[in-house]
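Here the chain labels run A, B, C and D in written order, and each chain numbers its own residues starting at 1.
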């Protein structure tokens, strides 16, 4: 049983990556370059040195957060397509708190305060579609998409009207609450953007796993996602869970905003969230909505993203963007097919087990 | 005169919305979530530029748009209909795919990361009656006719009855010999064609493809579909309403009564309000998003 | 593959959003790079980053390869270039449109000696095309189409307005922006409609500072038979006959000069200003558009240029200044 | 039609095989039906009846075997071909588009047209005249969503007849009908037969088989096991053929010795405090109509109160209100000494309410959860520690219940989805009855489970009653209600039209109440 489940989790991404590799070869050839050389360059620019690894880890940090955000809502049967806005809002919340706090505040207080604000603001943005879904049955897919536009426009207005440094699209530097770079502790990562937010992201993954699979609330949340009416029958207050899961999901996405704002730049900048929200869907999909799978998938997509830059001088960066989309499409396509096959196999095994037992029961 | 100018401009702005929203209605009425409208439009725009460039005629551009839209629709259809992939995920992926690949092929074909060269399009130079000149563009007429025609198709023809049945209760349609997947496929291809024409309008009106030139119009069209409750005529009104708000902003020129950010929010806010049932319950086709 | 960087002159250029082929800003830098390649024998590597951290990563990639000169195109690179210049003292950096940090009283902070900020006084060029628009437009109304509603673009508007008002105090400037996100720089559909609305209201000349959105402005000029003013590069070819002129920034020249300085081992850090005086900004007057600009107007513009260079006219660079 | 063809049977299916993934639905299924015959197709749940008929109607292509209709081989044909050849099917579950009108549903797929458009006016007229001709009355302009289930059933038959069906397949058509509606259906079918039509009728109600059919085919585990002429066959014969051994059909329990009845009856009259009291209850349906109207009820410890009635008369809403799944307008529900007003589902469960829901696939189980996880559904808060779920206690609970209720396969981590219907129902029974409780709501406890499991479940219910639990039983199966209950209430239009001691009841007596004919 566990084996089929693991197969179900692993098979689609593997198939997808095979397909993506072939597609990638074709695209590279179309540009008159040699696939081998380009792939080598991609690997060298990502996992080939500590800096590249650091960059991959940096990008994976944000993607882990948005991936977890999508997965958590997904486990409750909801599609949070609004991670983009929640991520931006979270980063903005962290920045505002960081700006308001006195510079003298020790990091042990300032950092958690900023983290909490990020999660709170992201969570608040996530709670809106959650509440509308719980109260009115409004499609969270549509509401989150629409809310992305609204939130981004709102943040843009606040920053451009109230908060920006002259001639720029960013807030002033944040005095308190900055998260140290990983390079401060491990010199080899010098220069790369990776920072201790990654620890929070991994911790978030662990907590999410524990929460989903080891707590009563997680049990109820997953039940709502699988069969809301059964959950209701089981004493679960379904609207409350819908709201809760969207708020938690938004909070996780909001946490991702810290990576850029407090960990990397030290200020909020318009447009920093670009793309990371939607990539979170890909991460959750390839990670099969499982926190550990998401950690792995985040690394994969971070590698593709960073790799796109590494090969940029030779082929357009859009190469890896196309591959990313191809991976999503093929995983999304493979999942139901693999599920169907495995489910059929499992059903026949169970049926034969039942029959065996029945036969035994009859003979004794 | 001002009023006329206003109306004409609103109509021009509405054309891509009308076309894409018609595609959205068609797609959702047969049960496929129309999250990929933005991608379909953009592919149509790129196809139009390519077609017009090589065929040296805007009509070849229209053909190019249809080919590109059909190509992307095929991907969408294979994933969602044949393999029953999740429609939300596929929609998002299609948008990413088109955004990335149009730019990739822009580099490959035109050696530019943002613009195609100028291609033949509709609309002449130095036209005497400027206000009416854009109405010499056939796509404008297609756009204006699209939703009413779709309404006729959905409510007056056997195809429409079957399409609605498939989107509401596919099993029921299947038992009466209405083949569900082929129906969905037809609906999707029609939707793809309509949406890609919306993109083609942009490219041919500009005589050029610009990277990301749809600029979120697919999502506004989707908003219109929902705000219009999947009823073609209501959806058309929603498109005109959204276009009207945009026109108002353009016409009020600099007279910044309200920050432009807030004007941009209008379609999205209205849609959320509609979904919350404040302006009447918005009920989607029952089988929307379900692939079995 | 990426250049072998042990010998010869290696230059890396990282583009802003939009990248190559935007027919204005990035293409200016690209042109500079191509000229450096042709005229100075430099090997040039181009990178088009995605969003966020990719900008710094792109610069760093080039710096780490030991390029002789690394150029970031756009104010958005400011912080990254500053940090990297300190980190890689042996690599020279340049930043087009850098927003040089200043101290608490507003004086610019000194830059590292291996970093050159290439700053353009767009407002001066905009002032001239503003005056030109008012003089040629004849309708007491001129238009301005901006891309994203941000300070950098406000600079163009401010100079333009000042130019208009200087020669025609009773003239109206109708200004509008395409949006509030970076999308606003690549929405020609919106640009065309904004321009059509302005032309319809009696505007005869529109100046755009809006990237690809401006392509829609040219399209509107073509349909209506009215005039538009290009930006950054000479945009005559976008709508021959309808482009009154272009407010050009000598990005190519500034890039070329920086490469040349490296080659001649004369590279110095600090802010390099390109205004009218330095021939860094200006407007196009050549065989293509001569016919559109009467001699008297040309003379008036020459006089204004002289006034600005001499400091007799102070051109505002923000909307608040008058 | 040639003489040769007219002698050929209307339907001849031989050796049909159909599998779904790993599940074999039809192994070796055969069926022969002659023209002008009403043929009953019976078999246990999951025997493959619906699948076989769907093959015949062209919805599934068989993996093996042959299908002939009127002597023509049509194996693997399409729905459209089947319809064209006059084969029509009324499905087990409604196949109607709720947002469309009756006429639109009827003509869907074979619309009358005028030029390129549908001629809706003609459609309405045609449906109207069809209604008249075969005595099935519905308003062609009404939307399906506004019809009663009986009316919807008529539309289903109209759909087939509209297409000129000469061979009509009906898959459990009577499950939702009241006795007079059933009689009306028989009239329609007999008229069809008289007209030279052919009918295949799937039903689980053996008295119906006897009443209306000419011949019978029995299926078991995907294969045809016997063919009988109805004349001279008894329900017992059919049942034996269905399960392959003698069964103690609950039909037999009727009027015969009823275990434990004495005890139950005694408790009822003893006047002990009721375990459950419902007073003046008024509940709305999802459609906004009054589903339960001023209803009162008491259940005492040690008795089974059965609710008989045609489905859709408010039973679902009543149980949901008691269980806390639905709010009510007015009235009172009292569980032991606790007033249920404001009590959540969980509170009620903790105060001793157990609930076997009517639809285990929708409500009773989370199909993708393991057996172990399903065995704590609704009780999860009793299996939680401060840091999370107590996995070892969940496992111990699973082991115990699996053994006690003989759930197969006895493997706790298998997802419930992979189990057979009967074993899935056993999970629900085990969870709800394998713990402390005082009141049990049992809705359709044996629906869709095989005869062996029915016996087991009935034993459990009786044992619980004998142990002093109060049980409210709702079943569409009148014989089941008669066999198990101490008192029987008949529910019609949201009210109890009568409550009688079971000993005084019979199907004949209750029938008129169920249709509202008696009150």
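Some observations on this one:
The criterion applied here is as follows: a contact is a pair of C-beta atoms (placed from the backbone, for glycine too) under 8 Å apart; a residue touches a chain by one contact, two chains touch by 3 or more.
For clarity, every value in this text was computed on a predicted model and none was experimentally measured.
Looking at subunit A and subunit B, the chains in contact with each of them are C, D.
More C-beta pairs in contact connect the chains of A-D than those of the other pair, out of A-D and A-C. Each chain's centre was taken as the mean of its CA atoms, and the one lying most distant from subunit C is D. One finds 44 Å separating the Cα centroids of subunit A and subunit D.
In this assembly, the C-alpha centroid of subunit B lies 35 Å from the C-alpha centroid of subunit C. Chain geometry summary: the mean Cα position of subunit C and that of subunit D are 75 Å apart. Touching of two or more other chains is recorded for residues 153, 156-157, 316, 321 of subunit A.
Among all residues of subunit D, none touch two or more other chains. Counting only residues that touch two or more partner chains, subunit B has 113, 216, 261, 264. Interface note: chains touch in the pairs A-B, A-C, A-D, B-C, B-D. Listed in rising order, the residues of subunit C touching subunit A in the complex are 1-2, 45-54, 56-58, 60-61, 64, 75-76, 78-79, 87, 99, 149-152, 180-182.
Those residues of subunit D that touch subunit B in the shared complex are 57-59, 78-80, 82-83, 89, 91, 93-100, 104-105, 107-111, 113, 116-118, 159. Of all residues in subunit A, only 1-2, 210, 214-216, 219-220, 222-223, 226-227, 229-235, 237, 340-341, 343-351, 353-354, 357-358 touch subunit D in the complex they form. Subunit A contributes residues 37, 41, 45, 51, 55, 58-59, 152-153, 156-157, 160, 164-169, 191, 193, 260, 264-265, 271-272, 274-276, 305-306, 308-310, 312-314, 316-317, 321 to its touches with subunit C in the complex.
Those residues of subunit B lying in contact with subunit C across their complex are 5, 9, 12-13, 16, 106, 110-115, 118, 123-127, 130-131, 133-134, 202, 205-208, 210-213, 215-217, 247, 250-251, 253-254, 260-261, 264.
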